[in-house]
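Report on the structure given below.
Just so it is clear, A, B, C and D label the chains in written order, and each chain counts residues from 1 on its own.
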Amino acid sequence: MMHPLNEEKVFKDPVHNYIHVEDTTIWRLINTAEFQRLRRIRQLGTSYLTFHGAEHSRFSHSLGVYEITRQIIALFERNNYSDWPKEEKLVTLCAALLHDVGHGPFSHSIEEAFHMNHEEWTVRIIMGDTQIHDILSQVEPGFPERVASVIGKTYHKPIVVNLVSSALDADRMDYLLRDAYYTGVNYGTIDVDRIIRMLRPHQGRIVVKESGMHAVEDYLMARYQMYWQVYFHPVTRSSEIILRLIFQRAKELYISGYYFEFMMKPLVSLFKDEVTVEQYLKLDEALIQTAFMQWSTEKDPILSELCSRFMHRRLYKYVELEPLDRDMIHEIRDQFYQSGLDPKYDLIIDSPSDLPYDVFHSGDEASQKQIILLDRQGKLMEISEVSDIVRSISGLQRGKFRLYYPEQKIEAALSSFSPSVARIFKDN
Amino acid sequence: MMHPLNEEKVFKDPVHNYIHVEDTTIWRLINTAEFQRLRRIRQLGTSYLTFHGAEHSRFSHSLGVYEITRQIIALFERNNYSDWPKEEKLVTLCAALLHDVGHGPFSHSIEEAFHMNHEEWTVRIIMGDTQIHDILSQVEPGFPERVASVIGKTYHKPIVVNLVSSALDADRMDYLLRDAYYTGVNYGTIDVDRIIRMLRPHQGRIVVKESGMHAVEDYLMARYQMYWQVYFHPVTRSSEIILRLIFQRAKELYISGYYFEFMMKPLVSLFKDEVTVEQYLKLDEALIQTAFMQWSTEKDPILSELCSRFMHRRLYKYVELEPLDRDMIHEIRDQFYQSGLDPKYDLIIDSPSDLPYDVFHSGDEASQKQIILLDRQGKLMEISEVSDIVRSISGLQRGKFRLYYPEQKIEAALSSFSPSVARIFKDN
Amino acid sequence: MMHPLNEEKVFKDPVHNYIHVEDTTIWRLINTAEFQRLRRIRQLGTSYLTFHGAEHSRFSHSLGVYEITRQIIALFERNNYSDWPKEEKLVTLCAALLHDVGHGPFSHSIEEAFHMNHEEWTVRIIMGDTQIHDILSQVEPGFPERVASVIGKTYHKPIVVNLVSSALDADRMDYLLRDAYYTGVNYGTIDVDRIIRMLRPHQGRIVVKESGMHAVEDYLMARYQMYWQVYFHPVTRSSEIILRLIFQRAKELYISGYYFEFMMKPLVSLFKDEVTVEQYLKLDEALIQTAFMQWSTEKDPILSELCSRFMHRRLYKYVELEPLDRDMIHEIRDQFYQSGLDPKYDLIIDSPSDLPYDVFHSGDEASQKQIILLDRQGKLMEISEVSDIVRSISGLQRGKFRLYYPEQKIEAALSSFSPSVARIFKDN
Amino acid sequence: MMHPLNEEKVFKDPVHNYIHVEDTTIWRLINTAEFQRLRRIRQLGTSYLTFHGAEHSRFSHSLGVYEITRQIIALFERNNYSDWPKEEKLVTLCAALLHDVGHGPFSHSIEEAFHMNHEEWTVRIIMGDTQIHDILSQVEPGFPERVASVIGKTYHKPIVVNLVSSALDADRMDYLLRDAYYTGVNYGTIDVDRIIRMLRPHQGRIVVKESGMHAVEDYLMARYQMYWQVYFHPVTRSSEIILRLIFQRAKELYISGYYFEFMMKPLVSLFKDEVTVEQYLKLDEALIQTAFMQWSTEKDPILSELCSRFMHRRLYKYVELEPLDRDMIHEIRDQFYQSGLDPKYDLIIDSPSDLPYDVFHSGDEASQKQIILLDRQGKLMEISEVSDIVRSISGLQRGKFRLYYPEQKIEAALSSFSPSVARIFKDN
């Protein structure tokens, strides 16, 4: 089923040095319009506004996930592990390569604002009238469905799903390394070669040799650090909030019949909840940024101000409050109203529970979320049973929450606030 | 004249680890809309289509140039070198930070297509009705003019110009390191700390201690390698050619009165050669990509095909020819005409002399292009007098040239070509 | 009190890029015979037998500790922190540079075998008839005493001791980075620049800004990983055990009046517990290795076998047992005796509690062992009060222990063991 | 002939991340006493006195050369290149691993002083009564001879010799990377993966694809830089000179019947030119350093002074002279005599032609020294025919030479020198 290229091809990659392509199907998938579109979707959304180096794309990341998967399978084949189903190689590689192909621009914010789901879009693109579907169909009948079901996690061999999507998968390994590289923080620097060497196919799933426990701890700590240092960075959250407010405002305006000086078709479909695959493929971050730039001079003051803030990086300020302060929120909102502010756009509450990423959880989770160790006697153990460190980061509760707000507006209103509310925003 | 911040601020940077901002003016300049715009201009134009990691922006690079300049001046101050004019610190740092602020989207191609010059635009932005101009004006009267004249290389103290723009300046040091980092090639990895330690202010210019000769050779070799491996990469050239053809076609169509399904104001001004500073600041790569994406379904087949090629990375193929083959070009062109092809869009000749970058030249060049060594006895020598290696890369002649063409079109026409012309395109 | 060099001098260093020496006293100390001797003492003792790259010396490490200390003080001075006593700069730098000068060859093992203490030797060398003492004396009267008391942790300003020796000091920061670099593992890769930026002199000690909590967690995790992956590596433990057995055997033989074919004076003094400073300074790892190489052909079979094992890296094998198995040790020992084996040399029990390194402990420890966070309101908190992760690695109990033994000897005796004892050593 | 291990084994290596051992013979060779001895021979001799990180051993390097060779062969096998003789794999890997096994302590200096040759010793060790010889003999009859003849460059298949020893071989690739890593300079950082990908077995030798020309230029420039920045560093030369003088003096004394307070058998054999393989294997750098440390208190003032200088790094100073100044050497020597100095020990002339390393030369060299490019048409070209850069570093002439001398002695004699001679040593 594999069709080797005459000559192995490579992509130069800062994280893996070279991405090796040996198979014709993989090569052709990379060259589709749908896969090339991932060049215009940033891997880390608005994080570039916090870490200026983080301009890397989902295109790079997708190649990286493919490469790690390829290396894992190569090791399984070299060691002739009997529990690895050799015939699943191509479907695994295709799923690894394509797993993010349905991501939209500024994915987390747009999904939240318009109730979309990138995984569904990945499946729609794989199964739709696309170049990707054509190429997969040429492998053999039913092949696109197989790839889609791996991504949808319903494939009949869980070990394949495991490699592409689990608590210790090629996806997470690549993004930790890549995001660390492009942001410049070194928290995500894991020893991926070592982790790969510790993986074993075992009775239908991927497990980790017990002697790899510290390597897994290191990987989970890297993830934990990246979440708090990069993915949940308060400045990044601020930019995501502004993005969401823009989408929200634009949709409100559209529904209310507002006339936009500048509008584009894929955005209209988005507001009407009628996006087709063809239109979706035109939705990229260039289009969003272009619309925002144009809207920064729209007549609607809320929309134009928000767009101008996003484009010129004048983000909302924030104050961090203790769990107990939650009781004050009603009072704060009241005083905002009384001072002529609009809590809907001028006061955003952000708590960890709103966060779009999943920190590692253990215990009652579905099996795909667990990391299983295999000891010398063949016994299986969930890692949090064995590792204190993993337990300590699994339970993780962050009661604190943050208020985001437009600084100058609130400063102007400060004198009309009650002393207890004013104190919160003062001296911050 | 410096106004230190209460607390030093930093930006996390993968290349320099941290960018240190100590002065209020610098901090405010970074936060202007005009400087933030550089986030939407890639440092390496279309190179990301060859090296997928190369998505880094001129924003990052500008911070890097500022940081290297800051480090050089800090060393000069720490060692109390008498030839360094201390009072020039802020103007130097501002010029370093702002030297690229006038770059347009896909700079080299757009400048070629519309006869623009980014340095002029930098000066227009610094002197125009902009946030940058406001902030510089607040330093002291005439300060914007001083910064502009450093960038324009007419400043009355050449040593300041030297630091910002010479054969061994902060600009080049940062881009070698940064482009190497983001592409993943290691050719550009120079020892910038060592080079900085070798620089000396000397009689109104920057020179290099003789014992730094090998470090300079290494730097020049890094540049040489980056030119051939990255900046002049044939695939990147192909994407630049397509970009230029798009601009050329769109302008032709506009002038001929063609009705565009999709058009935006800053583009109209561009075609009419009437761009204002305000419009220029809206011209970013997001806008260009958005226009191209929309134009990929325009009625004009040439425009839509070129745009589709660019957006989906279906680039022109190329064949490399020897200098002697130049005589054949007329014959090739003739046969293209006879086969119904359009040499204007289907056959692009690319020679090194068209290249937009300057490889190091020595000898009769203006003094800003020379690297001067200072020996123990205080004697000055131009580096190519001393180093065989530098001489060997200075004279550099590349007689070979390339033909770029749309592969399938030419393949279809191959049978109608004369044997000698057909041979060129066959088996490539 | 500082005497700046005419020109700053540098050492090229793989970890910090350059070590900067600005002061004459520091420069002269580095060039003493006593400090140069540290080139012949490995930083990681026998770890090079596990990680072949780990040949780096205490000389490198000492320069690194000095450099980090220099950077911390430079930041304190740049920001004019009032709680930093500026006049303590030189004493702090000297103590940082010299803190390891009393280390002997294969420090941990030799200290264990001969009841020595490197800190005492450091003080003896600083206060003895040495080049170091001469140079320190020239700074001002009483200066050697001050440096010695910083190292002895009795200096009257605890903040100085804090920088050189605490739970988050320049010593630990350098060794994590350096040991990670030379072994090639990446667990120790901490963001030392970030940690330095988070340190604050505060009321007579060094504290960490609260926002640096994650950076400290990362540092402590790096330490934790390095302990288990590198410092406590079972193969390294095996080599340390053999080393200790050699010292033990040689001393036994010496005391019993055995005639050594090869003997050297400093070793005799060691056996007689009469080492002078002059002799101690001749004790380096070259001498130890040379003696062992010669002793590998001594008549005493135990000594020659152990020396041959060490020199040619034929280490003892090990088996890991559960805490419950401790009860079996007597039985195992008995059977060793009955089979003609010598438990003293053929069966070594190694438990974590014997480990020579201190993993991070919190709570009831002396203040130098604590890491204190400073929040925005000026409140101080011990880090384990705030961080779940730190708590999880602080309590760390490792009940497992290991038996080390000469493989072939035990295999030969296996048939005479009881089944339950034989099972332990079989199939290992 | 290969005997795969049950499970692939790895060594952690900072340069190649992991060294992979797949074959039993390789594994057993690494564990021989003779190969383990390489841990006590530094890769860069006395360079650690200039670059404190350069303590890495020939053991590390030998593993690295093996690993690169393994990777090259793996690529040849993966691509099924017909010109690669598959049956030569094991002999090639063994020769790569063992090629340096005959190196003595401080190799270059000891070879110069005692007219030895490490390549001959390698062959003697492989063919002698050694563990290595035993293991090789078990592969098949005549196998040790085959390995030895690859190292002796007389093997009947030059392509095998090519891989292990040529102008672009695994040996040089590893040492550039490794020496750069451990010294901390970045000049040697080559893209070894890229070079490996460009190698092709072709008609009985290894050639480079033409498109790899820039990669080869980069490699040769890295070598050039490493020679001048590291291998020929004037301070390293000074330490090598002192080392040679020590050997010279000790031999003189021995021959003259001097009674040494401290002496060891292998040294006696060395002086008498009667070293056996068994004694040679005990000659390591620990022994040399131990002897020097003891000799630093010998009665002979020349020997003790030189040894003390070496051990405590009080090296000779140097002055660099122009080619023309060669005429002055007789005069300088005369004045040394007249001032009671001993030119034999107090004045050492060092010119590039004495250098023990071979910079790249092209042209009339034997074929093993040439790097051959293969173009698309199958034409072969020597690289210096094509590359200006290579030509520029090939001809390299360094007419300058240096005088090394004990500073204080010469300063004391300065007043008795003629003005022209005094001037040379003054103000240096």
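In the analysis below, contacts are C-beta pairs under 8 Å (C-beta built on N, C-alpha and C of every residue); 3 or more make two chains touch, one makes a residue touch a chain.
Fair warning: this is a prediction, and the values are worked out from it, not measured in the lab.
> Write down the chain pair with more C-beta contact pairs when A-C is set against B-C.
Answer to which pair has more contacts is A-C.
> Sort the other chains by how far their Cα centres are from that of chain B and give me the top one.
C
> Which integer distance in Å separates the CA centroid of chain A from that of chain B?
32
> What is the distance, in whole Å, between the centres of chain B and chain C, each centre taken as the mean of its C-alpha atoms?
Inter-chain centre distance comes to 51 Å.
> How big is the gap, in whole Å, between where the Cα atoms of chain A centre and where those of chain C centre?
Chain A and chain C have C-alpha centres separated by 43 Å.
> Quick check: what residues of chain B touch more than one other chain, meaning two or more?
Only 17, 185 qualify.
> In the complex of these two chains, what residues of chain A are touching chain B?
Touch list, chain A to chain B: 11-15, 17, 31-33, 36, 39-40, 48-49, 51-53, 55-57, 59-60, 63, 181-185, 264, 282, 284-287, 289-290, 293-294, 311-314.
> Can you tell me which positions in chain B touch chain C when the two form their complex?
Touching chain C: residues 7-8, 10, 17-18, 78-79, 193, 197 of chain B.
> Which of the residues in chain D end up touching chain B in this complex?
Its residues touching chain B are 185-187, 189-191, 214, 217-218, 221, 224-225, 228-229, 388-389, 391-393, 395-396.
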